[in-house]
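Shared between the two complexes below is chain A, which pairs with chain B and chain C, respectively.
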Partner chain A sequence: MSARTASILPVGGLVAVGAALACLLAPAPARADTDNFELNGKIYTKYLYKNDDSAGCLSLSNPFWPDNIGGNNGACTEFELTILGRASKYVTTGVRLKSRFGALWQGWWENGDVRWDYPNDTLFVENTSGESLGMNHAQYVKLRGAFIRVAPPIPTVRWVHIGASDLGMFNEWTVGKVRYIDRDNANGVFVEGDFADRTVQYHAAAIATPKLFIGPRWTSGLSNADPRADYWASDWTYALKLDYRPSSALALRLIGSYVHDWEADDNDPDATGPSDVERGTNRAIEREIRYQGANATLDARLSPESMDWLNLTGLVAYSYNLVNTDYAANSVRDDQGFSPLLYLVDGEGEPEAAQGFAGKVRVEMYDPFEAGVSLKLEYFNIGSEFNAIFGARREGDVLLTDGIIGSGFIKGGQLPTLNLANEFIDFDEAWYETIIGWHGATALLELQRGLLAASLEGTFVTYNTNQQGRDTDNQYPDFLYTDGFTDPQAFTADQDYGNIYDRGSDPRSVYKEFQDRQTLIAVLNAESAIPGAEDLKFAVKGKWVHDTDSRKADNAEDDYVGDLFLGYGMLKWQATNEFATGLGYEWQRWDEERRSGSQEQGFYDYATTKHTGRLVASYTFGGLTFNYLLEYFHKDQERDRPGSPDQQWRVWRAKASVETGW
Partner chain B sequence: MQCTPTSALIRGLGAATVALGLAACGGSQVNPDTPGAVSLTDPSGDDNGPGDYIYPTDQVYKPGSFDLRSFEVIPKGDTVEFRVGVGSRIEDPWGSKDWGGNGFSLQMAFIHIDTDGVAGSGVTAALPGVNVRFAEAQAWDKVVIISPQGPTRVNSEVETKAADVKDRVVVPKVTRASGRTLIAVVDVADLGGAPQPGWGYQVLMQSNEGFPAKTDLLTRKVNEFEGQHRFGGGTDYDNDPHVIDMLAGRAAGGDDEKAAQHAALSKYTRDANEPTPADLAEVPMIYPGK
Partner chain C sequence: MKHMHDVIRVIGVGGFGALLFGCGLEAIAVDAASEDHPIPVTTVRGAIANTPETIILTRPDGEEVEPIALAVSGATYRLDLPDAAYTNARLTAADDDGTLMTLVPAIEVESVLDGVDIDARSTAATLIVDQALSAQGTTLQIVQSCLLTQAFDKLYTEMDGEAAAAEVLAAVEDAGGVPETLDEAVVGSAAAGVALESGVHPTLIRTVLEVDFNEGRQDGNCDNISRFRWVEDEPGKQMYFVGGLHEDSPVQDLQYNALLGSASGSWTPNQIPMYDDGTNGDEAAGDNIWTLTVDLPRGARIGYKYTWGQRGQLWTGTEEWPGNQRILEVVDVNEDDFVRRRDNFADEATNKDKSNLNRSSGGEIDWESDVNDDGIPDAWERPLDLDNDCMLDMFVTPTAIGPATVDCEE
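So, the complex of A and B:
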């Protein structure tokens, strides 16, 4: 029923009902007119197994509050239906319906009944968080995204998009593309168009700020997360992108974004007492700003027509973040240093904005000598207080370097935010590290000749975050775990939020009380088909990371020296057109002098050896895709620290998926 | 590739000597003396199909991404290297390595080859989803698919959607991208022999669609209006050519080739909601050796 029909029902309801009945009784057309409809369906089933006793279909779920979809053993199915429609040639629509993930096949008939909690101070209480009404295990179909797209007859405007979006129109430094699992969760109003004969294109947006991860304590006002805040429904983020192409060789892009987090004024008379005009109540509550964030980038791409082998890109970025601690708890102080934002104060102790600049320049020369050899050079300088709070949280990579966190089996990426999202992932997925404070350069030499593709990288990084006596108790978040190489494989093997298993530094940890750090990275990659047996391909990788941190300047006994050595090889066989398989092995050795400890108790050495083997297989036929991965993860960690015994991991785990779309 | 003093200087700087840079200015990798070697050029700015196609609106579709600029055939013993140049640096915004791909995400090129030049021999219909046809006298015998998808996925799609011509489809044993160039290495045997001077070629530029319609071979649709991941400027039916750029005329890069492309791709029946082959645009085969 249309809105117009609904509006006349009180007066002409009988007429409307009669008309509807007439429509139902009218002869059906000879065939359905599907020109305005497009339906796409998909069924995805995952099998996840590990030699432990946990139940669930996700290696690493939400690490903070208990979320019972996480676990290492189970078979789970999800279904999604995407509907695209066309109301007219000027109006298109789209909807994605998707079943809730997390129900195991063994669950049989879990129905999403009410969940009760049993706290200590009372008999029981209904859990009303909305996250846990038992529905985690019900396979209800949920509206995951709906949009309307209009081409209105307004000068310069090409499209107005209303509703769900993946926010892919901006960039990692401002408003980042939403990670894949959340791809339709963002909503807003987006206007895109052009002028000056299409040499200038614009994209403006008002985006509903997500209440669950933007702002102090990862919220824009959810009281469960921050008792000082309780108002999130009017929080918006605004963004504007301008693209200008003065010539076919040069492209310029300017992007700005602004996040504004409102709270209700705690001191408003309407909030502090009874209705009384003498007190100034008026049924309207004033608002106060809880948080403001602004980001901007200007980037340029130069691709000379006469030198099609040359590509130059540059980007400068700025960020501004200000927290009003009257309405936001200090999570650096209260949450053991876990915070996506800084809580800076001036000399008077008043909140002060964290501001930072960042920039990078990249030169790419693709095969300039026609010999299959390419060279890429990049300089990067990320300010110590730069932070893209609404930037890309994962599934992006803004630097040329392989970085520190990436290995052979586990890919890595570098992003300029403290708001990384290395959760809701399986053990085979990529990990991301923050590059706030990174200052250095990368040279990458590539060779592509015949069947062979190889690359050699050298990167040097020093850190703008190097400082003595930094206040990590109240102002700068250190994410508690500041020392040692990060082990993504152990993260997903342990499901260990408390880090009791000592898996290394948090990928977001860039601030330390005492730091004087620099890093060298060298990476060699090669892959090729084997001559004479082209169905066989191999890939190898070697990596060395030399990481040093002198920590406290006047303490010669706390200097960290870490060396990471990595060797990786994978042999893949395309057995038939439909079936491919592969076998791989990765070795890592970490020698870390004075990795963990404290200034008071001293620092102690660690030695880590890791062996990982993998078998992979894929089969694709007739629209069905099957993937299988079997991994053995073998890790030994020797710890000299008193009270910290050596540890070992002997983990078998497997993941399979069957997927078909139609 | 042009060689100017400036480009020579910059090349030389890349290797620390201008002399090396000058020495390196040899043009394309194609040795014209090699039998069967081909080097063709397509004008810039004609990545608009019949003349009014518009890129999808998502930011990953950068200007020039589907602008065919050059096409080279480089025989190398038992293998042949095909190189397709476009107008923008080829990127991998969707992380193709994570789905078994080849290091790029967006572009896809169908290289149709007429190896015998015999009228009535070969296939006149292009692969599913492209919505064009070839003339009877220029029917293709082999088609090389340069796709970011891995061979398992491409082969599966061919088996499902183009089974009648699967023996003519060549999935390269190596597919990769470098700078603005797509590179495919193919066995001579898969082409039925080494490239010959009389062979004809047509390169149809498309975009890789990981979730294609059930009748489309990994191709991205062209609709009346562009969408986030749909080209615009065509129709909402499968009568319009889903070709963003192609070779035309003498394939020497002249502006007249833009007009030739636009003219060829415009000749389809716009009101044919259920088109027959005759309703589709006819694209030419280019015979560089003739």
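So, the complex of A and C:
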């Protein structure tokens, strides 16, 4: 209220008028406009414990280089605010503001200031400030997941989505759903719609290619990762999905994707010398292709109406990957065999594309005899050079089989890419293995009767990658560690990047110089509530993997025979509506003849015994969820190799989380 | 039914109790069951004939090692030393009655060595060996450990007879330790039969690997090296070596992998220490040129790299560069019975096999590559650059250690 207004009003009415004006002029009470604005908040706190001396809130960080948020002891909190908006009924928006994860509760003073010793151009060595861990630990809030979604009045177009996406609209063989840690880091423009009376639906996308993980040396042009490349800002991936449903029983889907990695032409006159039209300079830099990748799948699903118990699915896939070694270092050669791509050459030593086909057919018969017995059969054949570079890196599973890597506590999945990501996870999370080259079949018998659900699996796998004298020095990445069952439970980031503690083969290692391998897998699962005590449920699992590899054909002394035996049981109790708990135990025994060594030095036997005990508890109340897991991991590894002492693990570790959203 | 409610109530409390449990209480429970670990030491034990307040271990170059603990009980002693390997060391035990000595050919890292007696016999033998070393123009730094063992065995036998060694023993016994004067002729006579030299080994060659960690060193392109490009500069670090026999090596014997730091088949970083203290073949203490000596078969091919770390530390922040390796073929170019290879730390432009940054290398080298065009393959021993001018000057034969010699007879 202005002073002039007050002066012309009778004093007696000032209070009443003032109160009335105050009501009129004061801002309205804060109130979310539920018509066009929505806020969602979430606080997530995680706690980790392990009987070691590492600090951090992520058991398995980036193996190369380890992110300094990795570690096994500490408590960390993150907060996120999701804002959804509706500009009109045609335009919606969304954005997430999320704090960086990794600040330990114990780091009271952390402000992101890494103290730098300027005279010596290095970190300040004797920094006692306590604020020395850097922005990763400063809990800064980052813009994530921003998108605009519009339904324009354009024929056939239903939605145009601009901005962040998890890329879940395609499939594991082409462009895969982004793993949780990168959930909405992907950005692009997406158009979805339909035509032909909605019998054909389409989804087209132009996706900004991530500068890390797609392309040679896991980059699309980061010079510190590949000195021959330094241009990633104009790299895009294009994808198209077509769904066609000619009848209610049959559904067809075609998906294609294409990755194109540009680099600036090193020999362009503008980049090599002074501006001179006679030299050909024109203030424009030409581009060269560093890498091209294409993937396509055609899959069909048939569910005959007359046989509602029958489901038939099939998929064929194709991949093409070509690396221009003028602009990409050969990481098979230079990085000890760690590469997400092949570097094939023709007879004259010129680069040629790696091309591969893959296919699978699955028959599912759901209780055809109404006896609670179902049968699933799957045939799969993945080409030795098939590779879905932008496919799902984890959190997916394309085969019916339990695979080799999955155990009782640690789940497993199978994916058709060399670009797997068993990292940025905790010790209790699932692991994934590549199926490139797998050729075989699975039969899965399922029983559902009363409280009991059980399944029995048998799988036989031989390998299209079986070959003698494969060039793993220059063309085919072997990921250096090629031998033995992989041990996800014993895996740690830095140590096992270098395989210091002999954790077995890399889950991406499918190419070997000499291989003649085949595998048998048998799995029994059962789960049931206990009659008369339905609050109690048990789950058991038994597994046997028989893995053989004759390796070099003319060397009888190098034949690998590995047997993995697994027994697992878990008892769960839903004690109250809020509180549940469980106790489990897993035993594994690995007998591996001639597991590790070399053609030059011979191969040596390994025997491994593992015991894992786990206690879990959860409490859910009023929008709050608390989970707790305590594990004891006991492993003995006996090694016959001279100079290799036996090893043991006596590891206690725990993980707890509290989460609430509103 | 009432009991059931009580159980459920307890469970509810337990649920919240678990909240607290996830706050470090596991550590209290687990640590309560754990055992204490003493400081790792290298221990020497044996009989002793006097009662010294301290026993001094002296390295071959004369440096005294501060013991961690000494216990003398009756006629025995236990000496705990900083955890390290000791070669051709001297133990000296002095009390009011005199000084006793012995020589210890070899003590392994983190080990307990029994039976190292310090008495008149060991003192007499030490005096005779000292005389023999002098007479033969050699030193404890150079002489092969097993020859010391042989010499002591031989002298102990002679002391039981009437040889000159017995006379030296008598003199020591009379003096209660090292005599103020000794008959030089007698000692010389006893020393005359002590052989401390042996022939050069026909198949093994002493390989002296040195890495220069000084600032301002240059790489194979003559560019200044950034030592800390990949390595974190932290207190308490030292230089380590890690490597193994290369798959191209004509020799594939696991014992050499163990010597080079890959006993288990995988390279294990920060386990094989290098020396910059004037011992174990290191020429000058504190010059930031670190040394490892190892006897390798002639013609063997090895891969290796250096790490700047703390013992047991992992790769990240300690290795010269991620991935790839240096390569060396064990060839004695100047025929001095040594292979001496001095590298500059973090030099990615000399003998790094892949992603080699030498502008003339084409990105990689092999066993025949001679990128600097000096007529010597890059993966062989090479002359030293003595003045850091990026020019290789001359071969220099190591002086702090002798060549590999034939194994002592058992």
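We adopt the following convention: the second predicted complex is superposed on the first by the 605 of 662 C-alpha atoms of A that agree within 3 Å, B and C clash if a C-alpha of one lies under 4 Å from a C-alpha of the other, contacts with A are read in each partner's own complex, and residues count from 1 in each chain.
Definition applied: contacts are C-beta pairs under 8 Å (C-beta built on N, C-alpha and C of every residue); 3 or more make two chains touch, one makes a residue touch a chain.
Since we're looking at a predicted model, the values are computed, not measured.
Q: Answer with clash or fit: chain B and chain C placed together on chain A by superposition.
A: With chain A as the common anchor, chain B and chain C both fit in the superposed model.
Q: Report for A:S598: first if it touches chain B alone, second if chain C alone, otherwise both or neither.
A: The answer is second: A:S598 touches chain C but not chain B.
Q: Looking at the overlay, does A:Y47 come into contact with chain B only (first), chain C only (second), both, or neither?
A: second
Q: Touch test for A:G168: chain B only (first), chain C only (second), both, or neither?
A: Touch partner of A:G168: chain B, not chain C.
Q: Touching A:F579, do we find chain B (first), chain C (second), both, or neither?
A: Both: A:F579 reaches chain B and chain C.
Q: Which partner chains sit in contact with A:G643 here, chain B, chain C, both or neither? Use first/second/both/neither.
A: second
Q: State whether A:R333 touches chain B only (first), chain C only (second), both chains, or neither.
A: Only chain C is touched by A:R333; chain B is not.
Q: When the two structures are laid over each other on chain A, which of chain B and chain C touches more residues of chain A?
A: Touched residues of chain A are more numerous for B.
Q: Would you give the minimum C-alpha distance from chain B to chain C, in Å, for the three-chain superposition?
A: 13
Q: Show me the chain A residues, by the header's touch rule, that chain B contacts in one structure and chain C contacts in the other.
A: Comparing the two interfaces on chain A, one with chain B and one with chain C, the shared residues are 578-579, 619.
Q: Where on chain B is chain A touching in the complex?
A: For chain B paired with chain A, touching residues are 1-2, 4, 6-7, 10-11, 14-15, 20-21, 24, 26, 28-29, 44-45, 57-60, 62-64, 69, 76, 79, 81, 85, 87-89, 95, 97-98, 100, 150-153, 155-156, 159-160, 171, 173-174, 176, 178-181, 183, 185, 187, 211, 214, 224-225, 227-228, 236-237, 273.
Q: For chain A, which residues count as touching chain B in their complex?
A: Residues of chain A touching chain B: 35, 40, 86, 89-90, 92, 149, 151, 158-159, 168-171, 192, 245, 248, 251, 301, 303-311, 364-371, 374-375, 395, 411, 430, 446, 448, 450-451, 453, 529, 534-535, 574, 577-580, 618-623, 625, 661-662.
Q: Mind pulling up the chain C residues that touch chain A in the complex?
A: Answer in residue numbers: 8, 11-12, 14-16, 18-19, 21-24, 26-27, 30-31, 34, 228, 232-235, 245, 247, 249, 252-255, 257-258, 263-269, 314-316, 322-324, 354-355, 363-364.
Q: Taking the complex as given, what residues does chain A use to touch chain C?
A: So the residues of chain A touching chain C come out as 47, 49, 51, 64-66, 75, 122-123, 125-126, 329, 333-336, 338, 481, 494-495, 497-500, 502, 575-576, 578-579, 581, 596-598, 600-601, 617, 619, 626, 628, 630, 639, 641-645, 652, 654, 656, 658.
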